[in-house]
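Two complexes follow with chain A in common, the first pairing it with chain B and the second with chain C.
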Partner chain A sequence: MIIAKNALPGLLDKLIAEYEVYAPVKEGTYSLYKQICKGTEAYFGFLNSKIPPKGILFPQSEKLFSYSGAQMEECIDSKKKVVFGLRPCDAQSLLLLDSVFKNDKYEDPYYMNRRANTLLVGMACCYPAPTCFCTSMGGGPFDSKGLDVMLTDIGDEYLVEAVSEKGRELMAKMALSAAGDGQKAAAAKVRDAAVVTCEVKTDGLKNKLDANFYDSIWESFHEKCLGCGSCTYSCPTCHCFDIVDEARDCNGCRVRNWDSCMFPLFTLHGSGHNPRTTGKERMRQRVMHKFKYFVDNFNATACVGCGRCIKNCPVNLDIREILADIQGSEARSDK
Partner chain B sequence: MQRNPYLPLPMKLVKNFTETEDKLIHTFTFQFMSEEDEKSFPYMPGQFAEICVFGKGEAPFGIASSPTEPGFLKFSVAKVGVVSNALHLMEEGTMVGVRGPLGNYYPVEQMKGKDIVIIGGGFAFTTLRSLINYMLMPDHRGDYGKITVIYGARNPGLLLYKDERDEWSRRSDIDLICTIDRPADGWTGKVGFIPAVTKEVAPSANNSVAIICGPPVMIKFTQPELEACGFKPDQMIMSLENRMKCGIGMCGRCNVGNKYVCKDGPVFTRAELNQLPNEY
Partner chain C sequence: MLRMQKLASAIQDAARMLLEEKKVDLVVGFSKGSLPLRSTPCFIRKPEDAAKLTWDCSCENNLANYLRKRQDRVAVVAKGCDARSIAALINENQIDRNNLFIIGVPCSGMVDRAKVEAALEGKDLIAVEEKGDTLVLKAIGVTMEVKLDDLLHDTCKVCRYGNPVIYDMMIGEPAPAKPEDSFADVAAFEALSPAERRAALAAEFSKCIRCYACRNACPMCYCTECFVDCSAPVWVNKSTGTDDNIMFQAGRVFHSAGRCADCGACDRACPMGINLRGMTRKMVKEVKELFGYETGVNPDEKPALAEFKADDPQPFLVKE
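And then the complex of A and B:
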């Protein structure tokens, strides 16, 4: 199917009548996913958002329940949502978060409810950024996995393709015109031109990490790290959170906030003992979690190659270089 | 969808008991508000729960009561942070929230038919109390062989559960050895650190399981003594502690390697821990 670019705001307005619609919005020099009230607010001239859209399903700060003494009231959000203009890497990250928020024993009702009520309309990446390495992490600029609908920019129009059954139903409501052969060919041409140039070698990486926990290689990676947590806050797969009470006397609410393994307080015991005392242990945890522990538990790497941690790092730490160093090292398994 | 795992069960504090002489550990007894609530909380020795003080927050504690003691839950809590301080000051009759049961438990099924050696130090004795009471229950006692308990603290006033220890001492089907670090007036038990006492008691490893809970330094020096007695890594069971928030394997902070202490633990065998990095 096809939609003209100048018809997109109108289509978004139609969606807004029925759903909470989230789309990229220009904020100064960068773009962010926000809930929009008018179709014209959406901005698609972006490479990728500064912060991933994971916060739509897993908010940076969210109320779990409110209470007055032992009287509790859940705050489950079941509103129907559409995320419009999602990049393929971010769609892939949601598939990874799914396995976190629904494990073998428990299900997180807050995330899972939003997830079940959210449609994902993707926007293929015609111009991958120099920091992108999605193709090394099992994705690609035109990869549609995890999406419901996929849009491809072919100049004055978007080619619209349904990916899932839910996406097909959504498209049926949109009353789009069929795509002609020329338009399909234009999309294929755009797809061929979108090349991710950066490559991260992942073959054998897991084997190295299986054996190098006590390796001296971890002594240096963290040296320039400030421990600011930008990498984890801007990561679409990072899911660590804190739970705190915001209350006065016995009335208040329980809130969860994003947290970061890069912070020393993250693992500090009440006794004063801390299993991850220095930046070395915390950096190792971040890398191990993404490229080993997550693989052990879910058979997938908890990195989608979006490159945000590289772009947002104030001291230019680059996960690609860390992985390359690990690949180039001789792993020692002795303690 | 299953019950919201973040919502605590309302329970009533019926007893706030000062457990130790230094007053830093209190034992709290919480009562279930209905039979239905109690049914929704089926637990086993070794599991933990998040206790929520409304207005302050929640924190994880090992369950000190045993499922064989119906109607209530017991926790022995040291005064350390915001939640535990609020608990210590709490008046009986106050409502709290309890979220759980969380984590795995001592392998009471696999332990059947074996001699059991329990080694506890300081106030890490809470879930061991649960386990001992579970095994001493008339319905269960026959399932286990000889039960030996080695329990130590700095001084007599810091040993928990005095009434129960007195009762266990009188029983012939459990061998309780208590020890304190330095001699004290009126103390008739052993004097010495747990590793030394373990060496002296020299429990047989034959068809035995040892459960060890205590401060890291105690575990570090007790383990070699058990090994000297012939205990293999899969015969030594430990319970880990790490900072926790969610308790259900999602918030990401309590992992040791690829395992979450909250969901995959807190109970691990030494053999399992040998597979994990030494980061706890």
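And then the complex of A and C:
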């Protein structure tokens, strides 16, 4: 199917009448996914948003329930949503978050309710950035997994393709015209031209991490790290949270906030003991969680190669370099 | 740029010499980063690694941040603002001057990555070429030549202390003198009505994701427990929210009154591009106007808040 670019705001307006619609919005020099009230607010000129769209399903600060005396009210959000213009790496990250929030041990109603009611309309990446390494992480600029619909920018129009059954139903509501052979050929052309140049070697990485917990390699990675939350909060797959009560007298709410393994506070016990004493242990945790523990638990790497942590780190600590150093280190057999 | 390369090799020579002669255990400086126009803090312990050190207009981080409470003997590559912060930290007993060797480098300003992003309209910088006093920026489908001056960080534009105020060795030619800072940006903010000021702050701080990169990038933010991390009592909600975000920042700025060297490290660290200098410079201006004190400019001077004079102005306490 096909939609002209100048008809897109109108189409979004139609969707807005039925759904909460989230799309990238221009905020100065970057974009952020926000709920839009008018189709014209959406802006697709940037590649990756500054902060990933995971917050639509897993908000940075999320009220779980509120209470007033003995009265309690759960906050489950079941509103129908469409995320429009999702990049393939971000779509892949949601599949990873799914395994965290729904698995054989636990099902999170807050995330899962939103997830079940959300349609994902993707936007293929015609110009991958130098920091993109999705193809090394099992994705790609035109990868449609996890999406319901995929859009490809072919100049003045978008080629619109259904990926899932839900996507097909959504497209039926959009009343689009059929794509001609020329338009399909144009899409194939941009697809071939979109090359991800950066490569991160992942073969054998897990084996190295299985054995190098006590390796001296961890002594230096963190040395320049500030221990902030910039990398983890900008990561689409990071999902650690902290739960607090925010109350006055007997009235308040229980809130779940994003947390970061890079903060010293993250593992600080009530006793004052902190098992991750320094930046070394914290950096090791971040790398291990993404490239070993997540693989152990869910058989997937918790990095989709979006490159946000690289761009947002205030001291240019680059995860690709850490991985390359680990790959270049000697394999250990001791534990 | 030839001048920058010369500075870089002079820094390398100095570091090599200091390590070879075992005068220091460690040299903290910058090496080439992983992105164009991006240098990264680096830690050199062997003379043969000194060649990794670099110097150019992307050495934006304040290295004073890595010098507090160290047991080893350290040399640091310090531009003007790093040196001021170092002086302030020595004053606060956070750095032992006897164990620190300062390699001073005059600085004419560092590039603001946000301005590069703005110039490229969000396209990713792929390569950069230095050409006299302009930079040639390259992105997919774009090549543009921009004056270096137009890309400098706002902090650097008004900084009068590009030449380090304390050093053990100075590398390169002194940076030219600049006129007195007029604090025009702060004056413009002060001219707003309270409601307008509130709206301006809310617009900025609604963007805050509470990553604390600003706090952690600041050489002067070193409390063992930050008030935002404290949970008994809760000074600031842990959840993000414009009011709490402003409270956090206001607390941080008040805590660094008379201690902030206006280095802009917090502002450069913020991933969300929030104008943090709007707040920090208001405090810098207040301290300068009330007490005639500028942090770290005269290393021997007592910090404004560590001293009391009977004739100190107190307009906030009593009407004068």
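The criterion applied here is as follows: the second predicted complex is superposed on the first by the 329 of 335 C-alpha atoms of A that agree within 3 Å, B and C clash if a C-alpha of one lies under 4 Å from a C-alpha of the other, contacts with A are read in each partner's own complex, and residues count from 1 in each chain.
Everything below uses one rule, namely that a contact is a pair of C-beta atoms (placed from the backbone, for glycine too) under 8 Å apart; a residue touches a chain by one contact, two chains touch by 3 or more.
Note that the coordinates shown come from a computational prediction; the quantities given were computed from them, not determined experimentally.
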Figure out whether A:193 sits in contact with chain B (first) or chain C (second), or with both, or with neither.
-> neither
Mind working out whether A:315 is in touch with chain B, chain C, both or neither, as first, second, both or neither?
-> second
Could you look at A:226 and tell me whether it touches chain B, chain C, both or neither (first, second, both, neither)?
-> second
Which of the two partners, first being chain B and second being chain C, lies in contact with A:178: first, second, both, or neither?
-> neither
Go through the superposed model and pick first if A:31 touches only chain B, second if only chain C, both, or neither.
-> second
After lining up the shared chain so the two structures overlap, which partner does A:254 touch, if you call chain B first and chain C second: first, second, both or neither?
-> first
Should A:244 be classified as contacting the first partner (chain B), the second (chain C), both, or neither?
-> both
If you stack the two complexes on chain A, which partner ends up touching A:270: first (chain B), second (chain C), both, or neither?
-> first
Chain C versus chain B, contacts on chain A by residue | B
Could you tell me if A:17 is touching chain B, chain C, both of them or neither one (first, second, both, neither)?
-> neither
Chain A positions touched by chain B in one structure and by chain C in the second = 242, 244
Touching residues on chain A, where the partner in the complex is chain B | 64-65, 67, 69-70, 72, 74, 76, 100-101, 103, 105-110, 112, 213-214, 239-245, 247-252, 254, 256, 259, 261, 266-271, 273, 275-276, 281, 285, 288-289, 292-293, 296-297, 335
Within their complex, state which residues of chain A touch chain C.
-> 27-31, 45-47, 50-51, 60-61, 127, 129-131, 220, 223-224, 226-230, 233-234, 242, 244, 246, 255, 257, 260, 263, 265, 310-312, 314-318, 320-321
Complex interface listing, chain C residues touching chain A = 33-35, 38-43, 61, 65-66, 114, 117-118, 121-124, 126, 140, 207, 209-213, 215-217, 229, 231, 234, 237-241, 268-273
Which of the residues in chain B end up touching chain A in this complex?
-> 1-2, 4-8, 10, 52, 54-59, 80-81, 84, 95-97, 216, 241-243, 245-246, 248-258, 263, 277-280
